[in-house]
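Several structures are given next for inspection.
You will see two complexes here that share chain A, one where it goes with chain B and one where it goes with chain C.
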Partner chain A sequence: MLISLPKDQLSFCLDTVEKALPTHSSVQPIENILLECHGQWLTFTATNLEQDICVKIPNIHDSSGRILLPPKIVDIVRYLPAADVNIEISFDNYRIDIKSGQSNYVLYGADPTDFPLTRSEDDPESILSLEQADFKKILKKVVFAASTDESRPAFNGVLLYFKDSQISLTASDTYRLVVQDLINENWAFEEQRWLIPAKALRELLKIMGEEGEITISPKSKRVVFKFNQVYFATRVLEEKYPDVRGVIPTAFKTRILTERKLFEESVARAGLLAEGINQAIHFSIHDHRFEVKVSSQIGKMEESLQCTQEGEDVEVFVNAKFVMDILKVLEQKEILIDFHSKNGPLVFKIPGDDSYIYLVLPIKME
Partner chain B sequence: MAEAQARDIILCDLDAFFASVEQRDHPEYRGRPVIVGGSASSRGVVSTCSYEARRFGVHSAMPMARAVKLCPGAIFLPGNMKLYRAVSEQVMALYERFTPDIEAVSIDEAYLAVPRGEGLKTAAKIRRAVRDELELPLTAGVSTNKLLAKIACGMAKPDGLDSLWPEEVPQKLWPLPLKVLPGIGPVSAEKLHRVGIKTVGDLAATPESVLVQQLGQAAAAECRQHARGIDSRPLEPVRQAKSFSEEQTFATDVAGPEALKAVLMEQAEELGYRLRAAGMRARTVGLKLRFADYTTITRDVTLAEATDRDSEIYRVTVQLFERCGGEGPWRLAGSRVSNLETSRQLTIFAPPPGAVKEDKLGEVRDRLRNKYGTEVLFRARRLAGSEAGHRKPGR
Partner chain C sequence: MAQVERRVIFLADMESFYASVETARNPSLRGKPVAVCGDPALRHGIVLAASREAKAFGVKTGAPAWECRRLCPWIIFVKPHMQTYIDYSLQITRIFEQFTDRVVPYSIDEQFLDLTGSAHLFGGPRQAAAAIIEKIWEELGIRCRIGMGENPLQAKMACDCFAKRSPELFFELNHDNYAAHTWPLPIGDLFGVGHRMERNFHRMGVRTIGHLAALERQALKRLWGVNGELLWLNAHGIDYSIIETGAAAPQKGVGHTATLPRDYARPEEIEVVLFEMTEEVCFRARALGKMGCVVHVYCRGADFDYPTGFSRQKRLPEPSDTAAAVYPLVRRLFRLHWDGRPIRAVGISLSELVERRPVQLSLVNDRERREALNRAADRIRERFGKTSLFRAVSLTPGAQLFHSAGRIGGHEA
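Now for the complex of A and B:
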């Protein structure tokens, strides 16, 4: 069977499914990429048993069949010399001949019989459809706060809670917490909650495009995202997500409004001297001055920013990285921070937008 | 070394520090003997006394009961460590304006290094600043090494400034009695007196072989160096403790695991106390065991979250003991905490009620221990440790 297609298109397919290739696995077939040729379509699939990614593109070819492609093919295609690629596949002995420009590869494919295919044609209907660009922005503001430490699996997930006309996304690593609410009068969700691995969402962020819609279809233990020609499925976490909203304070003791970009640069400079696991830097707010300081074994620095202050003066120590994380993902000109004394949380908000909060617990100096 | 030689060393010593702070904050104490320390009824000792009290023969480390007898009219105070520590920090911050090279020796003493030739001038400025800004008396000794700066400081006390340069050693240092040298205590001085060595000059002139007989090899060499005003110790800038450890070699080997665990509990309580006193928490907890045949093992575990709790340290050392402790008898058991942190990232979850209870218990025990200088409260598990011999609870 002969397939001809532009190198860019083939690369897109392989680069996308590569995100689901297992780094190491005891199940041999899944170390490969499944290629299915059916009718007018080519489908590439990879899985690590937690996530499956498929890309389906239209292509005219002369026969049908299935084959496992070795993972090396991803890099091989990336480095091919010409803009077009011809692939000749023999489904009898799984031989793959790749020709591009003056370059000829022969790869040894494998029998696809044992490749676990979890994808099914009867995927449930989507419950939500959003612009990819919007969804990307939302995920960027949420996913970073989820934990990568596997000792508390619930916090490896981002909670999606649907009810009536609202969706709430929650992520936390126990030191900080993000809550993003989305409201749309046209929505009418049945109450449901899905705990999606943050790892999957980080991969999703890498492969989503800027144009077109993305649909979300949850089903028993899986959630499927569909966009462009991509089908992205992930297992959901079954852990119970603790009730974290209770920690969000309703009143503040100190509130400041300051310029986000200047603040970000200041924290970046202070962070250079922060050390140890806690990366502590010091905020001191008094008389409409916002001082950013740090003192460590390496040395010390301080600088001050303009801010408008409401409420009492406050001094607090906080992890520089936790602060940078939020300042980097926001695009607004100004940021609002509520303080609750020296051992209470810092709550970051976007001025005029009640739908998003980022809460960080401070560092207690002994 | 070239760099070290190019600098002057200043020893700054706050005179009768705790008592001076009290006299500063309470004008009614000024000019009167002030004695800060434990209480006479609980066998406390004097930690600091003002110069007025010293005239009555009171000195630090003296039993309080004796101080009361010598100077019954004194003002006796239990002391306020929190305040003294805060004042000490102010003083250190003041030193930092003059030089970044500071070695804090204790709460009231620090060595400072400044460029060669600026020692006396800087020391005078520091004394003035401490007097003007903090209203505290300070004595400074200046030289080119720590030993001579320390001796100069001793000569200048109280509230004075003096220098002792290496070239002045023969005239200024040699006529002085042996006790001016750090490291020569009453016992060594007595030994040397017996062979006719009475002054620092005598010591400098004595052949090393004679000193070796009296003091042993290492001490002899050091004493002779010191008598000649030579000291190569570098300035060691503020260093945080990197670990705390406790170990015990048993008078007779311990055979039973329960007795060994009791020792581990005692060590956990001690390490917990030291961590809390230093305001630190440890991420790594380790165990050291020596078996009857002298085989020694050390094992450690790094925790997800740093701790200063006795029970957590004990839980880990016992777990290590059960995993790697093998069969007794054991000759030695040691516990160690390292990977120390001075700050704690708070979490959105309140700590479990058990932990809060233990923190409160730890606080009460630490307070009692600070007050009585010895443990008055301990965990019952340690009673099983009587087999392990010394350091029974309630000692």
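Now for the complex of A and C:
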């Protein structure tokens, strides 16, 4: 069977499904990429048994069949010399001939019989559809706060809570917490919650485009995202997500408003001297002055920023990285921070926007 | 050319330390064969120390009680008093500190002294050693033997191989006489050569220290790596280590190991002991004001001839000094790595200690309340003893708390 298509298109398919290739697996077939040729379509699939990614593109070809492509093909296509690629596949002996410009490859494919296919044609209806660009922005503001430490599995997930006309996204690693609410009068959700592995969402962020819609279809233990020609399915976590929203304070003892960019640069400079697992830097707020300080075994520094202050003076120690994380993902000119004395949380907000909060617990010094 | 100052390193060793302390405490034992020995009913029924008089009958450290009785029917067994030995050892350190500020205890009955800068104050090294030996005999009634060298290795060799047999209880080795004195000695006398290594050497035809010294350094490195090279250096009296007082070095971890009173085969029993040891290790971390980042679990199989067991470690999600947070990981490591065979000894340690403060506060665990509870429990135990407040599991069969409380190193305090 002969396939010919532009290198860019093939490369897009392979780069996308590569995100689901397991780094090492005890199940041999899934280390490969499944290629299916049916009618007018080519479908590429990879799975690590937690996530499946599948890309389907229209293509004219002369016969149907299935084959496992060795994972090396991802790099091979990336480095091909010409803009067009011709692939000749023999489904009898799984031989793959790749021709591009003056370059000729022969690859040995494999029998696809044992490849686990979890994708089904009768996927449930999507419950939500959003612009990809919007969804990307939202995920970027949320996913970073989820934990990568596997000792508390629930915190490896991002909680999506649907109710009536609202969706709440929650992520936390027990030291900080993000809550993003989305409200749309046209929505009418049945109450439901899905705990999606943050790892999958990080991969999703990498492969999502800027244009077109993305749909979300949850079903028993899986959630499927569809966008462009991509089908992205992930297992959901079955752990119970602790009720962390209760820790968000309603009042504040100190509130400041300051310029985000200047603040970010200041924290970056202070962070250079922060050390150890705590990465502690010191914020001191008094008389409308916002001092950022750090003192460690390497040395010390201090600088001050302009801010408008409401409420009492406060001194607090906090992990520099946790502060950087939020300042990097926001785009607004200004940022609002509520303090709750020295051992209470810092709550970061976007001025004039109640739908997003980022809460960080401080470092207790004595 | 500038003369390099020769270093003056002493290794002071206490003769039959435990037995000597017992004799010093109870003069009626003087001149009699005495063996300090654990309870013969349990595993500790072996000789920890024998007096000179007992040794004359062939009683050796490590021999079982019944064997001593056979060698010397009128031998006097004394129960160990570990706390007293520690107190004596500290007193000896105090005496050494009157001669130099550079004293490093090597074991309970051996200490290194660096008198490079202070020996001349006492009329020279030989006179200083004599003064130390006399002072310890006068004040504590214990015979002290001193080996002198230009480095710790030479001092150790001088003490073990010569000073112990010398009438003046002192011997000096240096770079000039090291070969002449030590090379004729059997290879087993070399510091660092154990039974297994001795067998290896014998198989190669290396019977004396001199034979080893004559081999090529590279050949030993090829055979046994760094350790082989180290032995070659030992044979030549070369040792690059220096005497550092440990005061400046921070403690890296807290650990606890114990040999069980019998072999444990039931997982529930082993887990109870692991739990009790986790509590003990956490208590000690708290006493230092530290928290550990890494948990290490060690289990040794019961069968000596077929060594089994494991030694594994894992990082905690966050530093901790609480058994409630550490034990789940201990249990996970145990369940994952235990092969189901009976266990003879277990150990737990907490390492990569960090200060208790500052600490990153967390949303989920009620660390504050736990800390207050631990503090209260620690205070009660400090005042009324380890058995005044305990977990109910410590009443189950196999629990060691009531057995180990009041013991040091597995022996009575």
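Keep in mind that, in the parts below, the second predicted complex is superposed on the first by the 366 of 366 C-alpha atoms of A that agree within 3 Å, B and C clash if a C-alpha of one lies under 4 Å from a C-alpha of the other, contacts with A are read in each partner's own complex, and residues count from 1 in each chain.
Here, a contact is a pair of C-beta atoms (placed from the backbone, for glycine too) under 8 Å apart; a residue touches a chain by one contact, two chains touch by 3 or more.
In this text the structure is predicted, and so the values were computed from the model without any measurement.
**Student:** Determine, for the superposed arrangement built on chain A, whether chain B and chain C clash or fit.
**Tutor:** They clash: once the shared chain is superposed, the two partners overlap in space.
**Student:** Just checking: does A:304 make contact with chain B only, chain C only, both, or neither of them? Give me first, second, both or neither.
**Tutor:** Touch status of A:304: no partner.
**Student:** Based on the superposed arrangement, let me know which partner A:277 touches: chain B (first), chain C (second), both, or neither?
**Tutor:** A:277: touches chain B and chain C.
**Student:** Out of 117-125, 171-179, 225-233 or 333-341, where does chain C collide with chain B after the chain A superposition?
**Tutor:** 117-125
**Student:** Residues on chain A in contact with chain B in one complex and with chain C in the other?
**Tutor:** 149, 151, 172, 174-175, 177, 242, 244, 247, 276-278, 280, 317, 319, 343, 361-366
**Student:** Give every residue of chain A touching chain B within the complex, in rising order.
**Tutor:** Per the touch definition, chain A meets chain B at residues 149, 151, 172, 174-177, 242, 244, 247, 276-278, 280, 297, 317, 319, 343, 345, 359, 361-366.
**Student:** Within the complex, which stretch of chain B touches chain A?
**Tutor:** 240, 279-281, 283, 304, 308, 341-349
**Student:** Along chain C, where are the residues that touch chain A in the complex?
**Tutor:** 293, 316-317, 319, 354, 357-365
**Student:** What part of chain A is in contact with chain C in the complex they form?
**Tutor:** Listed in rising order, the residues are 149, 151-152, 172, 174-175, 177, 242, 244, 247, 276-278, 280, 317, 319, 343, 361-366.
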